[in-house]
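The first chain written gets the first letter, and so on, giving A, B, C, D and E; residue counts start at 1 in each chain.
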Amino acid sequence: SNSSKSSSSTSSADSSASGKVTVVGSTALQPLVEKAASNFQKDNSKINVTVQGGGSGTGLSQVQDGSVSIGNSDIFAESKDGIDAKKLVDHKVAVVGMAPVVNKETGVKNLTMEQLKNIFTGKITNWKDVGGKDQEITVVNRAEGSGTRATFEDAVLGGSKAVKSQEQDSNGTVQKIVSSTPGAISYLAFSYLNDKVQAVSINDIKPTDKNVETSDWPIWSYEHMYTKGDAKGATAKFLKYMDSSAVQKELVGKMGYISIHDMKVQKDAKGNVSNK
Amino acid sequence: MKTYDFNDNFFIKIDAENAIETKNVQVSYGKNQAIFDTSLNFPRFKIISLIGASGSGKSTYLRCLNRMNDKIATVDGKIMYRNVNINDPKTNVYEVRKHIGMVFQRPNPFAKSIRDNIQFALKENGIHDKSELEERLETSLQDAALWEEVKDELDSSALALSGGQQQRLCIARSIAMKPDILLLDEPASALDPISTSKIEDTVQLLSKNLTVIIVTHNMQQASRISDYTAFFHMGHVIEYNETRKIFTNPKIKATEDYISGDFG
Amino acid sequence: MDDIQKKLQQSSKATRQERLGKSICYTCIGLIILLVACILYFIASKGIATFTRDHVNIWQFLTTSNWEPGNLDSKGRPMIGALPMIVTSFSVTLLAALVATPFAIGVAIFMTEISARNGAKFLQPVIELLVGIPSVVYGFIGLSLIVPFIRNIFGGTGFGILSGTLVLFVMVLPTITSLTVDSLKSVPMHYRQASLALGATRWQTIYKVILRAATPGILTAIIFGMARAFGEALAVQMVIGNALLMPKNLVSPASTLTSKLTTDIGNTVMGTLPNDALWSLALILLLMSLIFNMIVRFLGKRGNIKNAS
Amino acid sequence: MHPKRTDKIATGIIYCLVAMVIMILIFLLGYILINGVPDISWHFLTSQAQSFSAGGGIRDQLFNSIYLLILTLIISFPIAIGAGIYLAEYAKDNWITDIIRTSIEVLSSLPSVVVGLFGYLLLVNQFHFGFSILSGAIALTFFNLPLLTRNIEESLNAVPNLQKEAGISLGLSEWKTITKIIIPEALPGILTGVILSSGRVFGEAAALIYTAGQSAPEVSYTNWNIFSASSFLNPMRPAETLAVHIWKVNTESVTPDAHIISAGSSAVLIIVILLFNLSARFIGNRIYKKITAAK
Amino acid sequence: MKTYDFNDNFFIKIDAENAIETKNVQVSYGKNQAIFDTSLNFPRFKIISLIGASGSGKSTYLRCLNRMNDKIATVDGKIMYRNVNINDPKTNVYEVRKHIGMVFQRPNPFAKSIRDNIQFALKENGIHDKSELEERLETSLQDAALWEEVKDELDSSALALSGGQQQRLCIARSIAMKPDILLLDEPASALDPISTSKIEDTVQLLSKNLTVIIVTHNMQQASRISDYTAFFHMGHVIEYNETRKIFTNPKIKATEDYISGDFG
C-alpha cells in the first residue's frame, strides 16, 4: 500500500520501517542527536525519534532497563558501576576532545602534564608556581561521575584523587564560571572553547582536532550510543543514519566534534590507544 | 445575680392545629448543654416570639427547628412537623428547610442581583418557567413590602441596598419558597426604627399565610406583633403564654423580673 | 399534605447533589493523599536502601564529611558523609529567612496598614511576577552580579553561603511577603479601630496589637519561606560553589543537599550506591520539610489556643 | 511626644524597607528586560530553535509553556477545588485532617528535582506516558495542588459564614451553596492563587527536564488533530518549555548566540507572565462583576 | 417617601461651658457628601444623643469628633476642643483621641486578658507604676459596672466574656484613659435588654465626670438617658434640643414623624 512512497526514498530496502525511537542520556551529545533526528525524520516521517538529555548515567541505566531504545553516553559502559556492558552494544558516533581552560587573567597558556596533575590534585595552589601571576588557583571540577570528568581524570590524574573543589555539571556553567572567576581552571569540550576563556596547551601541544585524531592530544573520548542487544528496525535505521556522511561530514563538525571516520587511532574501554 | 428555680414554670395549653412542635428537645455544644428538655408547640398562622437574656438559648432553639444546627451541635428529642419527626437523621433536611424558612440577625443577601437572590433557589428547585419565576419575584417582594422600592433596579446588586432593605429582601427570598413556617432570629436588631417598623408590618402581613417564630430582644416588638411568647432562661423555657398575658400578668417571677428590667 | 410528608422522608435532588459533591471532594482529597503516599514511599524506599542494602551507617552518614561513594573506608564501608551539605543547607536557609523576614514584614505592613491601595496596585502584581522568574534566571543573575560583588568585597571566589543567601533571599521574599500579608489582613479591623481610638499611634497599633495578633501567621510565613529555600536547587547550585567541603566561612565554596542532588543525579546509575546515596539526601529534604510543617502546625495550634482561651 | 517620634521613625524604617525591596524588584526586572528586550524580534518569536547555529527562535518553547500551563490548570484546578472545598467545609477538626494538611504542604516544599524524578519513573516509564506534555503537566500538578488547595480553602473561609447559612436555609444542598454562592464570592481570592501558581508553572525547569523533556520536536500548527503525533495540540509529544530552554541554552548549548537567546527568552517569559496575570485579573473581574451584579 | 426641607430646622442655644463644639463641619466620602455644614455644641458633663435613620450620617459625624475619619473621609470645618481646632491637620491626633475616647457598635476587646485590655494603652502612654496601673484598672472597671463580675478573672481572656460584658470592658478601657469626652456609637444595639440597661446605667454614672455623646437607634434609650438630642436627616441636623422637648414637643415636622414612626 505504501510502495509508491518507499520507492522515492533513498534506502529503499526498509524505508517503510515505522516506529518510535527514544534516545536518552548525555547532555553533551544531545544537540547533535537532536539535530540529526530532525533531519532524519524529514525522510522518514513514519519514524518518531525523541531525544532527551538526563546525563550519561541516566542514559546507560535506562537502556539497560529497556525503557529507552538508545542510551547516549560520554563514557564506556564498562567504566560505569552498575552497568552490565556485555548486554549493551556500543555505537560510537563521534569523538570529543577536551582541553584545560583557565581564566584569561592568569597569564598561563601552556602547562606540562605534571603541572596540570598537581594543580588538580591540589599540590600547586598558586599560578606563580607555573609561570603565571601571583594568584590563588581556583579549581572547578565537573560533577562526580560525569563523562567529561572521567575522561579528563583518566588522561591527566593517572589514578590520583582530585582535590575537593567546586563542581559543576555542565559545560555552559563551567565556561561562565572560568571566564568570570580570577584564577579559575577547569576543562571543556572543544566545542565550548571561545575567546572568553583561555585554552591551555599541554607540553606545548595545542588542543586541536588534528592532534586528537592522532591522539597527540591525550584528552579525548568517544560519544557512544548504546543499544540493548543488536539494534533492530527503526533504531537500527537511525543509528545507520548517524554513521552516514550526512551526519559525520556535516553535523559532527558543525557541532565542534570530530568524525569517527577521521580518527587515525582508536581507544578501548581501558584507555589503551592503538592505531586503527 | 438572682437565681430562679427552673421548675417554677408555666406552659399554656393551646387547642389549635400545630404548625410545628418540639418534644423534649435538648441541645449541646460539645459538653456544654445549651437547651434543656424543651417541649413547645406552635399553632398555625400565629406569630410566636421567643424572648430572654443573651445566651439563654433562643437562637440555639430556633435553629433546631429547621435543622440549622446539624453541623454545630447535637440535638436530641423530637421535632414534629406534619407528623414527621424532622429531627430524625433520615429526614431529608433540604426538604425541611424548604418548608421552614429562616431569616438571620444580620442581613445576608447573596452577592448577586436582587432578582437572582430571589430566583436562585427557585431555579434550583426546578422552577424554570419564566412567568412563574417573575410572578414569584414580584409577589414575594410585595409581601416583604419591598417591591415599590426596588422594582426599577431588580438587576442591580443586592449589596447596594440599605440594611433594612437587605433584611426585607432576605425575608422575600425566604417566602418566595412558599414556606409553611418562617423563623426569624432578631431580624431587626441591626436596623433603625423605620426599617424595624416596616419589618414588623411585613411579619404581621405574612402571618395570614404562615406561621412565624421570631426571636427578639425588643420587648415592645414582642408585645406589638406576637400572639404567643416564650420566655427563655439559661436553656430552659420558663413561661410560654399568650403575649398579652405574659406582658400584663406574667405567672412566673423570673418572667416578671425580666420584663420589668429588674432581672439578673 | 401527604405529598410533603413523603417528600420529607425521601431523598431528593438536593440529597443526591450533596452525595455527589461529597464524593467529588473525597475523591480529590483521596487522590492527593495517594499521591503524597506514593512520593513518600518512593523516596523513603530508595533513600533507606543506602542504609539497609548498602549498609551505610546512619550515624556516619549524618556526622562525617567525606562523600566518596566509590571508595571504602578503613572498615570497608562506603564513605558517605552528608554533614557539610546538611550544615550548608541549614545555613543558607536560616540566613535567607533572617534577611528576608524584616523586608517581608515591612512590605506586608506597608501593603496592609500604610498604603493598601498602592500595595494592591503595584507591589502585589510585581510580587506575583517574581514568583514566575525561573530559578535558572535567578541563578545566572546571581552568578553574573552577586558572585563578583561578593568577591570584590569579601575576597575569595565569591561562591559560597553568602551568595546563596542573597539569591535565596530574593527568591523567598515573595512567599514570605504574601503569606504575611494574608495573616495581617486576617487581624480583625476592629482591633485597629479600638487601638487608634485609645490614642495609640499607628506604629503602636501595628507593633503592639496587629503584629502580636498575627504572630503565628507570620511565623508560618517564615517557615514556609524556609521550606522553599531548603528545596531550591537550580539557582543555588550556580552560586554556592558546589564543593563538598565543610563551609569555613560565608564566602567559601560549599554544597547544599539539593545542589548535590541535582548536580549528580544524572550521572549515576539507578540502583547503585552512588544513586541511592543521593536519594538519601532527598529523604533528608523530605524529613526536613515534614519537620518544618510540624512546626507550622504547632505554632498554628498555639495561636488558636491563645485566641480562644 | 515620645510615641509620636517612635511612630515617625518606625514609619520611616518601613518606607526604607519598602523602598529597598522596590529597588531590588525594579533592578531585577529592569536587568532582565533591558538585557532581553532588544533581542526580541518577530523572527525570534516565530522561528524554531537551533541546535548549534545562531539565529534560533523560541516559537515552540513559547507555545509549549502556555499549553503546558493550560493543561496543568485543567488537571490541577478541579482537584484543588474539590480538595479545597473538602478542607474548608467537610473536614473535621481532628488528627486525620491534620495529617491531610501536613501531607499537602509537604508536597509544596519538595525539591523540584525530586518531583521531576518521581514523575520520570512513575509517569514516563511506569505509565508509558513518555516524555510528554501530559507527564509534565501531571508533575507540575504536584506542585500546584498544595498552593491552589490552600488558597482555595482560605478564600472559601474568607466568605462570611452568613452566606452559607443563607444558602442552606433555603433548602439548597451544601454542595450547591458552595459551588454557586460561596465560590463566586471567593473568586478574586481564588484568582490570586491561580496567578501565583501559574507563575510557578511558567518558571519551573527542574521538574520538567525529566518529564516534559528538553527537546521541542517540530510540530505543525495547522494540524488540529489532537491525536496526531505532529499536531501542536498532541499532549503526548515531548515539549521543552521556555524555562527549560533557558536552562538548556545556559548549560549545554553550543549555539554561539546562547546568551542572547537566554536573555531574550527570560524577557519574553516575564512579559508573558505579566500579560497572563493582567488578562487573568481582567477576565476574572469581569466574571466576578457579572455574577455578583456589581457595577 | 416624604421629603423634608433641610432649612426647616431648630437649634437650641445652650448657655453652658462647652466640652466640644463643631463649626460648619462638612464630611465627604470621595464625591459623596455625608455631612452638610453642621454646627453643634456639646455642654460639659451632659449626655447628648444623636438619633436619625440609618445612613443619615450619625456615625460619620461622631467619628469626626476624635478624628477617626482621618483616613476614610475628608472633613472640613472647625472642631473646637479646649479652644483648639482639633480638625487642623497640625493637631496631634493621638492626644486628641486620648482625651476623646470612643466605643463602637460591636464590642472590640483585644485578644488579651481583661487586665491587659485596660492597661495596654496606659502602659503605652508611659504609666508604668504598678499601683497606679492597678488602681486605674479597678476604678475604670468599677465605673463601667463590671468590677464585681470580673474581679476574680482579670487574667483570663476578654473574649470569654459575654457580649454585654465585652462592651462594658470596652467602655472601661476608654475611661481608664481618663478622657474628657466619651463617644459611643450604638453601644447597645447588639445586646440584650439586661446588658443594655447596665450600659445605660454606666453611661449615666459616667456623665458625672465627663461628657457623653451617644448614637442610638433606640428612642427609649435616647429619651431615658440623654439631656440633649440631635436629630439627623440625610446629612443635616434638623433639630437639636433638650431631650425632653424633642420627645414631647418636637419643633420640626420631620422630627415628629421620625419619633412617632411615621417617617420616610
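What we mean here is this: contacts are C-beta pairs under 8 Å (C-beta built on N, C-alpha and C of every residue); 3 or more make two chains touch, one makes a residue touch a chain.
Note that the structure is predicted; figures quoted are calculated from it, not measured.
Separation of chain B from chain D in touch steps, taking the shortest path, is 1. Between the contact lists of chain B and chain C, the overlap consists of D, E. One simple way to say how far apart two chains are is to compare their mean CA positions; for chain A and chain B this gives 82 Å.
Centre-to-centre separation of chain B and chain E, using mean CA positions: 32 Å. Averaged Cα coordinates give chain D a centre that lies 50 Å from the centre of chain E. Between chain C and chain E the centroid-to-centroid distance comes to 49 Å (mean Cα coordinates, whole Å). In chain D, 3-4, 171-173, 176, 250 are the positions where the chain touches two or more neighbouring chains simultaneously. Contact with two or more other chains is made by residues 27, 53-54, 65, 169, 173, 176 of chain A. For chain C, the set of residues that touch two or more other chains comprises 14-15, 18, 140, 200-201, 204, 262, 265. Interchain contacts (touch definition given at top) occur between A-C, A-D, B-C, B-D, B-E, C-D, C-E, D-E. Note for the complex: chain B touches chain D at residues 66, 68, 94-99, 101-102, 104, 106, 108-114, 116, 120-121, 124-125, 155-159, 170, 173-174, 177.
Against chain D, the residues of chain A that register as touching in their complex are 22, 27-28, 30-32, 34-35, 37-38, 41, 48, 50-54, 62, 65, 67, 169-173, 176, 191-192, 254-256.
Those residues of chain D lying in contact with chain E across their complex are 2-4. Contact residues on chain C toward chain E in their complex (touch as defined above): 188, 190-191, 193-201, 204, 208-209, 213, 306-309.
Taken in their complex, chain E has these residues touching chain B: 52-55, 162-164, 189-197, 217-220, 258, 261, 263-264.
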